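So, here's a batch of structures to check.
Both complexes below contain subunit A, partnered by subunit B and then by subunit C.
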Partner chain A sequence: MKIRITDWRCENLRIGEGTESFELGDPPARWSLIQMPNGLGKTSTMTLIRAVLGGEELSTEKVRGFRANDDVDTGVFELGLLIEGRRGGSPKNYRLTINFDFKNGSYQYSTLRSEERGGGRELGLVLPPDLKHILKSEFIRLFVFDGELARDIRRDLNKAAADRAIRTLYQLDDISALQQRVSYAVTKRQEALERTSGKTKRGVSRHQKLVDGAKTQLTKLENTLRKKSSSYSMLEEERDKVGEDIASHMARNGNLEKRWKQLNDEADDLAGDIQSLTGQAIQTFRNPATLSSAITARLTALGATLTRARLPKSVSSDFFGEVADEGECICGRPIGSAERVILRERKEQYLAQDQISAIATMKDRLNTSVATETSFLESCEILQEKLEARQVNETAMARLKLEAEERGDDDMRPLRKRESEIKIELATLEKEIEHLQTADPVKQRAHQCTEKTNIPLARRYHEECKATLNEVKDSYRLSRQRDILLDQLQRIEKIALTDLREVIREETNCRLETLVQMEDLRVERIDGVLELSSNKTSRKDDVSEGQSLSVAYAFLTALLSKAPFELPFIVDSPAVSLDLDVRKEVSSVIPELFDQMILFVISSEQAAFAENFYEREDTRFITLRQTANGCVETRYGLEEFRRQSADGEIT
Partner chain B sequence: MIDKAVSEAVKAVCNEDGMDETYRSALEALIENAMLDSLDPSDIDDLLDQITVESIADED
Partner chain C sequence: MSLRLTEDAAAFFSKIDSHRIKGVRFLDIDRFYACLMLGLRTGQMASEPNLMPSFLAAGAKYPEAFQAYDSYLLGLLVEAEIRRRKLDSNDRDLIEKETVKLLDPHSPLGLSEDGVRFMNQYAAKGFEILRDAMASPRSVYDFLVAFADLWRSDDDIVSGQAS
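Up next, the complex of A and B:
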């Protein structure tokens, strides 16, 4: 990604005459030297360039400090950029603006993207997203650079940390941010789990125990059921055998046999009737119209209402569908494509044919079924009669067996006793088996069944435990996957930072070889700070001003030149604090370090510094000078630049 | 495109951890998208799912 500054302009600000425009060429010149005497707004320009690039917050005092004079209430600073995207393509123009309201000390950022479709002014700074991370105040200060502070850069870097510059420029901070996003994504997934918040190994073990316990209980209940079912079958066999024995004993007692047979036939008939009547009663119970006369009356009234209202109506979604397909409406109006679309959309609001059929069937049942159905109470009464008849039948059979016993059949007594015992045992077992295996929720509630006593409930509990365990396992697996990914990202960040430090250190040292020829000054280590050494001492902390500046430029240019971003380098007073020898060295080297340099200089920096640019072709010279009547003029060209004297006057 | 230093770091870490080429490429894409501010949260889920971990039973 390549960023160039094309121009800037100001209105009513403390720069030059107040309203000034600085054009750097189209395309912008590689080197722009702007000569401004002290007091004409170099510092303000640098401050405003930093502010508008970083969208900095400005205090009321700072805003008012930019005001050209008391006669103006508003002001503007506008910076033109030419940005070429990472993936190439033609560069795009951006204009970043700050509008000032000096009265209330407020300001507003806006962006003009002339090449955007329908491009207009947008509020705020709207720059390519790739740039967001580098356009932070701290980093902007490295390429919109105050040269007068260069002598302190090594010390400042010790505090601000060279690492931070590397991390920002090479987006290593984004890897840190990515780690947070990974953690957040995993937390969200774990929170979305329905059954549990468990996500640790301990949680897995705990839920595994629950599954094992549920499985054991289920197996235990199934074994109990098997035993009881087996006992039940054996008792049934025994009951049949005892029944046969009783029948054979009856056969030995002449006239008893006939009565016994009659009672048995009657018992069979009653059993059949009771079974069928029970089914019928349940069926009747499911028909609300048969439950009570009050319900019947209300349903009949509903049926009558539907009939009276002629519901359901014949209009249906099909009708509107057909109308949409026709060329014209039933009223004769033509139906165009727009009407057709609306008709097809809105037909969904109406009942479809199958829905109408369902309502029609319901109405028909309401109107016809009530009179023909047997009421629930009638069914119950008939069933009750049959149950009483069975009771009578059982009493008669018992009496017959007693009669046989009284006639001297000694075997009948133990048979009768056993038959009675079996009956009780079977009833008990039947009840226990039902408790164990019923899946009917009503019966489960009635028997107060739990997963400890009922197989379907135990099975469901086991399945739930297994599902929960699987979720905990998934959650735990996710935690471990997250830990692995986070560890990898941390290592990647660390390795990349170490490599980049080394690349930049080597590059810095290459540049230092040219810049500082008198001494073999080298950056020994970048470890948050710049550690220097030389051929004279292994650790060098006391460097001269020139050396310090050289280290600063070497490091900054190495840092910026190796970055994935090509940034302009804007520097204020780059040589003002250097003696002439160092100036010469610096000015012969730094021009080649950047693709765009904007240098704010004062006339005293012409000697041994600015003059080294005079012969360079792609250089723009801009001179601001104060005239005798106190006005400020902006002149372009080398001649005007050279004529500027140290006090700001043209010589 | 992410910087060569980051790309090399991804390669080194993946080699050390025995991750395959598909994973390395996905991890690099994830970092690149994060740097381009165009990260889709589902990319994180997809990458996590590619990380094989021993089952708890194996571990026990």
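Up next, the complex of A and C:
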């Protein structure tokens, strides 16, 4: 991606005359030298270029510091960019703008993009995402560069700053961001688990134990049920056998056999009657009209009330709605807008058609609710008679068995006793089986069932434990996968950083070979400060100002040249602190380091520095000069640039 | 919102051994209905009953066995409300308004939310009467006979509670 600056302009700012425009050519010249005497806004321009590129936050004091004078309330700074995408194609124009409101000290960033249809201004800085990603203020300082600080860059560029520059420019930050996203995603996923917060190996084994325990308990209950069901079946068989034995003993007792048979037949008939009468009673129970005559009376009374009150009313709200929609009433009178409003308001006082229908249906049913069938009470009366008859039958059978025993049938007593015991045992077993297997929540609650005593609850508990275990396993697996991934990412990041440092170091040294020809000066390591060595000494801490500046430029250009971005290099006062020899050396080399350089110079930097650009093609010279009457003029061209130098700087 | 038994009522009926009756099922709605009838008859509602989850599925109509009687249930609810609130049964608009408040032709049970809530409260009160009058039943026929006795001989008691 190639980024070039085309121009910038300002309105009502403390730059030049306040409202100025700086055109760098179309396409922009490779070298632009801008001669601005001190006090005409070099520092402000650099600050604003950095701010608008990085979308920096500005304090109220800083905003007001840009104000040209007290007569203006608003100001604008606009930077033109030409951005060529990674895939080539024609470059696109962007205009990044800061609008200032000096009164309240506020500002607003906006962007104008040439490719946007209509050319509308968008709030905020809208740049290609790849570019926006690297435009962080610390990094911007490396290519919108304060030349006066160049001497110290080798000393000041500590390990963290060098690493941060490499990380930003080569997008290693993306790996850090990915690590954070992985951790965040895993944490969120684990937080979203419904059943557990467990995510450790210990948690897995603890939950495995719970599953095993639940499974064991379920198996135990199922075995118990099997045993009790088997006992129940055996007891039923025994009961039938005892019944048959009692019947055969009765058969041996002459006339008892006939009475026994009669009672048994009667019992069978009664059982059938009770079944069918219960069914009939339920049917009559469910119909309120047959449940009780009192209810029937209430139903018919309500029906009569509705009839007497002529409810439901026959006119529905729907009718008035329809009338309101018509042009005239059913009586033929026209309906105007006033009548229409009233009709629509008052129709709410009437029921909707479906409400009327529901009430009408209810009324019809109430008025025909006279019970013609057998009533519930009658059904229950007969049912009760049958239940009493069954009681009498059971008593008679018991008495008959006693009679057989009294006639000397010695086997009858133990048979009766056993029959009675079996009945109790069966009832007990039945209860226990129900406790074990009922799935009815009401019965479970009534029997105080738990997962320790009831199979459906034990099964559910087992399933829940398994589900929880699966969640814990998933969570644990996720934690392990996260740790492995983070470890790999950290390794990738570390290796990439080390390799990049080495690449940049080598590139820096290549450049130093050209820049510092008198001595074989080399960067030994990029770790902490830039550690230097030379052919004369293994560790070289004491370097000249020119050498220091050369190292700084070599490092910066190496850093920027290997990046996936071609950035402009903007520097303020690149040679102001250098003596003439060093200037000459530096000015002969650095112009070739960047595809676009914008150099802010003062007149004193002409000698042995700016003058080396005079013969270069593709150079634009811009001069700001203060006139005798105090105004500031902007002039383009070499002649004006040289003249300013000759006149000397006005401070 | 749908029909719901109180927790105590559910426990009260839990001992019924219904599987002994072949071809007949004594449903949850039968239990609710038994309580409701007593509550409507007495014209009293329980204030804040402790209700179980509904025994009907969400959006379900009355079970088939009761579908023919939905108008009666609505009518009995309207009638009980007129009595409970001592409304003038000759006031045409008032009776219509009261009826409309309790019905919703588009809801599964034909009842408004108020209608369903009131039904549950009447049933809860009815259960209190039932519990005072009989022991927890162990069979359907025992229950039916005891319930019939309540209607046959308990007229005075129920009316007395209503007053």
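The rule is short, and it goes like this: the second predicted complex is superposed on the first by the 515 of 651 C-alpha atoms of A that agree within 3 Å, B and C clash if a C-alpha of one lies under 4 Å from a C-alpha of the other, contacts with A are read in each partner's own complex, and residues count from 1 in each chain.
In the analysis below, a residue touches a chain if its C-beta (ideal position, glycine included) is under 8 Å from a C-beta of that chain, and two chains touch if they have at least 3 such contacts.
These numbers come from a predicted model, not from an experiment.
Undergrad: Classify the contacts of A:Ala267 with the two partner chains as first (subunit B alone), second (subunit C alone), both, or neither.
TA: Once the two structures are laid over each other on A, A:Ala267 reaches no partner at all.
Undergrad: Touching A:Ile433, do we find subunit B (first), subunit C (second), both, or neither?
TA: A:Ile433 contacts neither subunit B nor subunit C.
Undergrad: As a test of reading the superposition: which chain, subunit B or subunit C, is in touch with more residues of subunit A?
TA: C
Undergrad: Once the shared chain is lined up, is A:Ala281 touching subunit B (first), subunit C (second), both, or neither of them?
TA: So A:Ala281 only meets subunit C here.
Undergrad: Could you tell me if A:Met1 is touching subunit B, subunit C, both of them or neither one (first, second, both, neither)?
TA: After superposing on A, A:Met1 lies clear of both subunit B and subunit C.
Undergrad: Based on the superposed arrangement, let me know which partner A:Ala177 touches: subunit B (first), subunit C (second), both, or neither?
TA: It touches subunit B, and subunit C stays clear.
Undergrad: Using the touch definition from the top, list the residues of subunit A that touch subunit B in their complex.
TA: The contact residues of subunit A facing subunit B are 86, 129-130, 132-133, 170-172, 174-175, 177-178, 181-182, 185-186, 189, 201, 204, 208, 473, 476-478, 480-482, 484-485, 488-489, 491-493, 495-496, 499-500, 503, 564.
Undergrad: For the complex, give me every residue of subunit C touching subunit A.
TA: 7, 10-11, 13-15, 21-24, 26, 30, 33-34, 37, 41, 52, 65-66, 68-69, 71-76, 78-79, 82, 89-90, 92, 95-96, 99-100, 103, 105-106, 110, 140-142, 144-145, 147-149, 151-152, 155
Undergrad: With touch defined as at the start, can you tell me which subunit B residues reach subunit A in the complex?
TA: Residues in contact with subunit A: 1-3, 5-6, 8-10, 12-14, 17, 27, 30-31, 34-39, 41, 44-45, 47-49, 51, 53, 55-56, 59.
Undergrad: Under the touch definition given earlier, write down the residues of subunit A that touch subunit C in their complex.
TA: Those in contact with subunit C are residues 274-275, 277-279, 281-282, 285-289, 291-292, 294-295, 298-299, 301-303, 305-306, 308-313, 351, 354-355, 357-359, 361-362, 365-366, 369, 376-377, 379-381, 383-384, 387, 440, 442-443, 445-447.
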